[in-house]
Each structure stands twice: as structure tokens, then as C-alpha cells.
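As C-alpha cells, here come the structures.
Note that chain A is present in both complexes that follow, paired respectively with chain B and with chain C.
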Partner chain A sequence: MSAPLLQVRNLSVTAETPRGAYDAVRSVDLDLARGEALAIVGESGSGKSLTALAIAGLLGEKLTPTGSVLFDGTELLGMSESRRRSYAGRRIGFIFQEPMSSLHPILTVGQQIEEGLRAHFDLSKKERADRVRELLATVGLSKTRDVARDRIGQLSGGMRQRVMIAMAISCEPELIIADEPTTALDVTLQRQVIDLLASLRERLGLALMLITHDLGVVSETCSQAVVMYGGEIVEAGPTDLLLTEPEHEYTRALLASIPVLGDERPRLPTVATIAPSLRDERLVAAASRPKTETITLERGRRVRRTLPGGR
Partner chain B sequence: MLRYLGQRLLALLPTVAVPLVLVFLLLRLAPGDPAAILLGDSATPAQVAALREELGLNAPLVVQFGHFVGDVFTLDLGNSIFLHKPVVDVIPSYALVTIEISVLALIISLVLGIGLGALAAFRDGKPAGRIATALGIVGISVPQFVTALVLIVVFASWLHWFNVGGFAPLSQGLWPHLRSITLPALALGIAESAFVARITRGAILDVSREPFVTTARSLGIPPARIGAVHVVRVAALPILTVAGLLVASLLSGSAVVETIFGVPGMGRLLLDAVSRRDYQLVQGIVLFTGVFVIVVNLVVDLSYAVVDPRVQLGRKSA
Partner chain C sequence: MSALLEVEKLVKTFRVSRTRSVPAVKGVSFQIDAGRTYGLVGESGSGKSTVARLVARLTEPTSGTIRFGGRDVTRLDRAALRQYRRDVQIIFQDPFGALNPRMTVEELVMEPLQVNRIGAARDQRARARQLVSDVGLPSSALSRKPVDFSGGQRQRIMIARALALQPKLIVADEPVSALDVSVQAQVLNLLKDLQEQFDLSYLFISHDLSVVEFISDRIGVMYLGELVEEGGKREIYRNPQQPYTQTLIDAIPLIGGRA
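Moving on to the complex of A and B:
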């Protein structure tokens, strides 16, 4: 494998809370090659969204990333805001979870897709309008002229997320980070959006980082997967291995909680552990946390293990 | 749209009736007899009684009110007891001056307020933003008459850019006229701009936290453009609402400012009318002001549709 497009090393995100600083994401290592797809799986509060935002340089005010995020050989962390902007949208596209609130309520679909084009390319008005219609067609929308004139409130949920995707790919980025792109959609639409993302990845040669808690989606779309829990990666490796022979107990628990058609179990197992909240985490200070090590298994699998007697 | 407009116009009637009833009652219940005041201290009780009879002040309140409402609908607002002229003829020239000053003050307060508020929001936490925020608090705390006096001292007494007082009507030429209403408009506008600044700052800060701003950042759109296009388009709505309310506040503030600057506007006319217990005139002015404010707010409501295309007038939202 050549040098990966994205190489994340020892990435931590420190949150400033009224009760002091605390690491919401700890020592995350990720590799993503050009054109490949990587899934980040985990429950709410596992730090998967923060990891994604940190990579894209979109963390909020009270969140500070440390470590290293190499994109195509360039360090993204600590980059000046104006340099970050030359990457944002142009080389890294971001798809947000809630298209309704993440898209502008007043600007038309066409106007807001054009905003990104305006920031990165020197196009005439006509060229921009043509590109908007082309993008809308690419994400599978018909009547592109009408959709471009619509506002987000006039579109259905599935159409909105397609517009969101059109925006993310508008400046031909090499990497798309999709933060739970299907969570806000109903089940029938989830499938369509995932299929769209998978086909776009193939057609445009995109690298895809898919953040999700849906393991079913992972198995079909992503060759590599990372399981996060409590701000850490607990297991990482090829998706087929991860799903068939999980090493970490949390991965096993996650897999066991997936309903299967014809399931005889009267009750679906739930994940017994509870993701630590910001407040608990203060109580469980770093010193009293169990000592862990990451061991590497066959085919690049990594598992985090609690050291015996490490408390 | 037309149907909506009709409904809104119909809704004007009860809205106008409320201030009308209040003023009618308050003035009638206040101590002081307009006939006695009109005739002066030397008037005999007989003369006063005769005048009361002539003006219909002896009739029961309900009857007086009935007459009044009937007259209003025929645009007969009665005669000013003091000026001996029909109220309908008195108001327009005074109102014109006040509206001129108010429009100028509105422009000043919006330009100043939105500028200051935007500065306070976009530089929030930085020195420039803190200064802008502090200026806004000072502006809200300082009463209009103080602002007015400071303006007179600085711009008229020291710099001699304007005359201290002395109103120049339009008949003396446009330039002298504008010069004579600039300071009053500034005094009014500065006070209101602080309020606009506060609303603007809050609106921009609120909108800046919306997820669609993060989306714009994820696309690499420059901050200046995010502010000027993405944020302001949404933040404009509360500011527009405030502009409508501002008109009412400017009209009442004009009473103070017109008195200080000696401008013959409606605010001062109202003060004079109240102190003379010139019932007819007071009612006329209140009616005029009320209708004016309500019409302005109707215009503001209609203009939402221009600023925010999501607003579909007269349709219930889904």
C-alpha cells in the first residue's frame, strides 16, 4: 500500500468543560488510502463525530485537537485558517447528519451549491449554474432546474440529503467524510443514500470515511472499519474479519445487538456498557483508568486490551 | 395575498379603537376644565358654562364618545379648542415634520445600530467587539434629552456646524430645512441605534451557531462571505421586526427631542395640546399616530415575504 491519503496519528480532542479539561477523543490512529472506504463505528458519545470534525478542522470553540492529521502528506492540525479553507470543500468534503439544519434555510439549493464553487473556482455565472445542474443529476435528482430554484424546506428528506451530498462533492474532493449521513432518514431512504455514496466513491474515485452506528451498512460499503468506544479505538481492521471474528468484547456486544430476520430471541441483547459522559469522565481520571495496550493481529488488525492487573 | 391584506386592514379597526377609548376616557377623567382653561382666569362661571354647552362637554360621556366615533368615520376630528381650526387641518403640517425627522432617525439608527451590532457580533470577545458592545450599553443607558444636549453643545456651540435651535421650514429651501432637522434626528436615532445594535448582535451570534454555518465552513467559504450572505440573510428577520417597533418608539421620542430643539412637530404639538386640555386635538394626534404605527407594522409584516421567501403570507404553515 502506498502512502495513505489520510494518516491520523495519536489524535486526541480535548474538551474544555466548566469542570476542567478532559480528552473526549484519545490517541486515535487511522489510515485511509485513496479511493478506499473506512467505517468508524460506535455508539453516541464514542467520539466518532468529534474525530471526523477534528480531521476536517471544524471543531467548535472549546475543543482542541492534538496529534497529527496528515492529508496527502500535509499536516492539517495547526494549519492557518486561510490554508484550511483551501482544503475545506476542495479536497475534503463533509456530509452532515441533518440536512434540514445543515443546509441554508433561505438560500436556494442552487445558490448554496454555487457558494462552494465560488470559493474554489473561477467560473462564470453560466458555468456555475450548469455545474449545479450536473451535480444534482449526479446525485440522482431529476428536474434539476426546478430543484436548483427550490429552498430546502420544499424538498423531501431524501432529496435534502442528496443535495447535501451534491454540495460535498461539488468541488471534486478526494476525501468525503460522511457523519451519520442516513441517521435522519427513514429506512427505505437509508439504503438509497448509502448506495449513492458507494457508487459515487467508485465513479469519482473518492476516499470515503463513513461514520455510522449501523453495522449492516459497514459490511457492504467499507473494506476497513474502526470501532470506537469511550473516545478510543477498541478494535480496527478489515471489515470481514471484524464482523465475523470480533476480538474485542465491545465489538462482540455490538454485533450481538443486530436484529436478524427470523430471530428466535425473545429480547434483543443490548450493549451492557454505558458510554462515559463528560461528567463521569472527570471522575474516572486518566490515572485510575485501566491500563490498555494495542496489539496487532493478522492482516493489520488492531485490538485494545486491558492489561492484566493494570488498574 | 389580497385576501390577507383585506384581513389585516379589517384588523386595524379594533386596534385603533383601543387607544381611542383610553385617551378619550383619560382626558375626560383628568382634572381641569377645557372651557375654563380656554377662557382664562378672568372668565365668569356663566361664560364657562356657556362654552361647555357649546362644545357639547355637558353631555354624558357615552354620548360624547358616540359623537366622537361617528365623527372619526367621517374624518371630522372636530375643531381644536385652542387653535380655532379643524384638527384635520392642523395635523398634516406638524406630522410631516415629525415623519421627516423620524425617517431620518430611523435610517441613522439602522445604519449605526446594525453596523455596531454586526461589529460586536463578528468581533465578539475581541477588543473591537467589546468596545462596540460597551458603546451599545452606554447608548441604551443615556436618555434622549441628554444625547440631544450633548449634540447641541458639541455640534452647534463648539463646532458651529448647526444652529442651536430654530427650525427652518421647507419654504426656506431644502438645505437649511435638512440642516435644521439633522441634529434632532441624530439625537433620536442615536438612542434607538443602541437598541438596534443589541438585537443585531444577538441575532447574528444566534445564527452563527446554526449548523448551516458549519456546513459553509466545511466548504471553505471565506468568513466574510459566510457573515455577509449566510448569516445576515437569516439574522435580518428579527432586525426587521425591531425596525417596525422602532417607528412607534421614534414617534414618542420625538416629543422630547422636538421640545428641546424647538421643532414644530407632532410630538410637541401633542404636549402642548395635553397641557391645554385640547381634547379634540389630542384625540386627533393619537388617532393619527396609532393608524400610522399600525400601517408601518403592516408594511413590515408584508416585507417579511421579500426578505424571507419562506414566508407565505396568508397561508397557514404546515
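Moving on to the complex of A and C:
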């Protein structure tokens, strides 16, 4: 097997809070091969977004990553900002959940897509305009009108998300990290965006890291998945196994809490969520956490288990 | 069983300029029985939220009637409208935007009672305490502010507020869409429990068909301002009559893949 495109080892993220340091993400290991799709599943506060931001080098000031993030064999953690930008800026694309707050309200769609092209390629004005048109066509935005001249406010939620995707793929990245790309969308739009991401992955040979709490989306898009809970990976493995024969108690509980069509259950079982927010005073001190170990099962499955009596 | 709410040929047209108007709701009719849940599904732009606002009397219908307990509520005098607004409460999707951040939970839950001058201050306080416990929050929540609570807990505060005036109908517009799945399950269970406990009716609006099916007795499917299909929840999903309903069902990502 060739080396994975992305190899994350023992990644932790420490947050500086008014009450001291808190390790919001702990010892995350991930592997993502070229052209593959990996899902990071979890609820608010599980650490899934921080993990994604740490990999993309987009963590805020008071958040410090430790461990190792190898991208195509090169360590990204500890790399200088400018070095990182020239090495990985073009090769990793990021799609945010909220297109409205991550796109510029005044610049036109075309100007925003061009930004990445200007930074990473030496193209003439005409070449850039052609590339923008091509990208908009790729994400299915060329049919009705010339969206490149529009501003974000003139577009619907689904169209905005397509613009974000066009920006993310503009520099021909090898990896796309999508943080809840469909959460703000309706079912039918959600379906379109999922299908678009899947087809881009196939056509362009992209690796996709999808951060979501929607297990249905995971099931249809990603062959591998990890489940995060309280800052740790509790279970990882092939999606089909993970969703049909979950090993970890939390994965099982999470699956059971979702209503499905034809559901005859009068009540839904609920999960005890810990999800500490960073302002929460109940921040679990590292010392009081139960000791855990990760065991490896067949087909590369990993499950975190609490050690007996290990407190 | 008699219908609590009867909506007939409801029309709402928004004027966007002097010459142009947009029909948001085009002749929608349905009924909600006492103690039952009517689910309204559709995409954004289908007009489902406009129906919610019309039923809650937050906006005037262009034409059509809304009867509540047999009475046409589109033509009520002030006093009767006041009573209607106590009987029908609305819960919104975004519990972050809908709660005043400077008020404590106790103040937030007491507010509807104060506005309607129900009971003395001491009774209002006791009632707030009861409501907070009804929605499954600890009494320590009373003295805290919305910022201290998670999305699910804030939605519980919204529900406590909605219950304060002992309504007969609660209009819930995407009440769980902003919540994580496990929290969503808690809030759905809570809504079911409260329905049983207080004999509430719900108009439950969502774009999530699985959620609507879980909580509803009857379901209406809206598309471009029209109710394209309506029926008992089992019929709708097992045997959809409209291609659009089938499209909606097909769009749901299935866990474990499509058979």
C-alpha cells in the first residue's frame, strides 16, 4: 500500500480558556488515501471541527495543535505560515458550513473565485475568466445566467454552497475538507451537494474529508468513517461496518437516536451528551477521565475501550 | 373527533413592488384534531413557514379562512384575538435569536404571564418553576441566562415559554433543525410527552421527513405554495401519490445505504 495522502498521528488540540488549558481534541489518528472519502462524525463539542481546522492550519489564536499531520509525506504542524501556504495552500481546499458568513458580501462571485487563482497561478486576465466560467460549470452554476457577476446576496443557499465548492476546487487541490457542507440546506439541495461532492471526487481524483453529524450523508458518501465523542475518536473503520454493526456504545446510541422512515417506536432513545463547550465550568480535568485504550479489530476497525477500574 | 383548527383555501400573496406580487401560499386547506399533530413538510420556499405564520396570526392572509374551535379567527376583535394568541403559541427554529440574552430563564418564562397579567408575581414565579421542571430543566436554570445553555436546552426554554399560557395549539416551525441528532431525539420525546400531559395539538413544520413522520399523525406535503399531497403518515410514505413526494423521500440519505 502506498503512503496515504494524509496521515494524522496523535493529534491533540489544546484550548486556552479563562479556567486554564483544556485539551479539546486528544490523540486523534487518521489516514486518508488519495481519491478516498473519510467521514468525521460527531456532535457539537465532539472536537470534529477542531480536528479539521487543525489539519487545515486554520485554528484560532488560543488553540494549539500538537502531534503530527503528514500531508503527502511532509509535516504540516510547526511549518511557518508562509511555507505552509505555498506548500499546502493550493493542495488543500476547505468548505465551510455557513456560505453566507464565509463569502464576501460585496465582491462578485467571479472575483472571489479568482482570488485563489491569483495567489497560486500565473494566469492572464482572460485565462482566469475562462477558468472561473469552467469552475462554475463544474459545480452546475452556468445554466441559467452568468453567476460570476452576481454578489452572494443574490444567490440562494444551495447556490452559495456551490460557489464555496467552486472556490475550494479552483486550485485543483488533492484534498478537500468539508465542514458540515450540507447542514444548512434542505433535503433536496443537500442531496444535490452530496452528489456533486461525490462526482467531483471521482472526476478529479480528490480525497474528501467530510465533517458531519448526519449519518445518512456519511453512509452514502464515505467508505471510511471515524466517530468522535468528547474530543476523542471512539470508533473508526469502514462505514458499512460502523453503521450496521457498531462496536462502541456511543455509536450504537447515536444511531438509535435518529428517527427513520417507517419508525414505529413511540419514543427515541437518547444519548447522554457530554459535549462541553469551552465556556463550560464543568470542563473535565484530564486526571478525572477514565483511562482508555484503542483496540484494533478486523478490516482495520478501531474501537476505544475504557480500561477496567482505570480512573 | 372534532377539528381544533380548520384551514380552508388559505392564500397569501406578498407584494414585492407596485406591479409584481409573489404568491407564497396558494389555496391550502387542512385540519388539525385536538390532541393530534399535523406535520407540514416541504423545501425552503415551499410556503410552509408562511402557513405557520398565518396560523399563528403573525401575518394577514390574502384570502381564505382559519377556524379555531369553530370560530373564524381572521375576523376577530381585539379581545378575541388576544385570547387566540394565548391559545396558539409558536416555537421557532433558532433558539439563539429568539431569547433575550439579558433576561434570566425565570424572567423569560414569566414574561408571557406578565404580559397577559395572569396571577400575582408570586404565582408567576411558582408557575415558572413548574414549567422549567415540565420541560426537563433543573431549577438551578431559573437564575441563569440563555448564554449558559446549549441549543437543546435553549429550545426547552422556548417550549417552557410557549407552555406558560396553557395553549391548545403549538405551531413549531423547524424546532429541531438546528440541533444535533441526539439532542433532537430529546426534544422530540419532550414534545410527545407534553402533548400527552397537556392534550396539546401541534402544527409541526420541518424539511426532515423522518422527523415529521416520527412526530405526526397526519402529514401534508407542500410544494411551491400548494399542498400537493395529504394523508395519514403511513399512507404518505408507503404509497405516495405525487411524484414530488417520492422525490422528497428519495432525497433522504439512508443509513446503511439504499436497498
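Convention: the second predicted complex is superposed on the first by the 299 of 311 C-alpha atoms of A that agree within 3 Å, B and C clash if a C-alpha of one lies under 4 Å from a C-alpha of the other, contacts with A are read in each partner's own complex, and residues count from 1 in each chain.
FYI, a residue touches a chain if its C-beta (ideal position, glycine included) is under 8 Å from a C-beta of that chain, and two chains touch if they have at least 3 such contacts.
Since we're looking at a predicted model, the values are computed, not measured.
When the two complexes are overlaid on their common chain A, residue A:Ile106 makes contact with chain B while staying clear of chain C.
Once the two complexes are overlaid on the shared chain, A:Gly153 sits against chain B while remaining clear of chain C.
Shared-chain residue A:Ser142: touches no atom of chain B or chain C. Contact with chain B, but none with chain C, is seen for A:Ala56 once the two complexes are overlaid on the shared chain. Once the two complexes are laid over each other on the shared chain, residue contacts for A:Leu189 go to chain C alone; chain B is not touched. Look at A:Ser124: by the touch rule set out above, it reaches neither chain B nor chain C. Applying the stated contact rule after C-alpha superposition, one finds that A:Ser86 touches chain B and leaves chain C untouched. Put simply, chain A uses no single residue to touch chain B in one complex and chain C in the other. Of all residues in chain C, only 43-44, 150-151, 180-186, 188-189, 192, 207-211, 213-214, 237-238, 247-258 touch chain A in the complex they form. Listed in rising order, the residues of chain A touching chain B in the complex are 56, 58, 81, 84-90, 93-94, 96, 98, 101-107, 115-116, 118-120, 151, 153, 164, 167-168, 170-171.
For chain B in complex with chain A, the residues that touch the partner chain are 210-212, 214-223, 225, 229-230, 233-234, 308-310. Note for the complex: chain A touches chain C at residues 43-44, 157, 186-191, 194, 213-217, 219-220, 240, 243-244, 253-255, 257-263, 265-271, 273, 275, 277.
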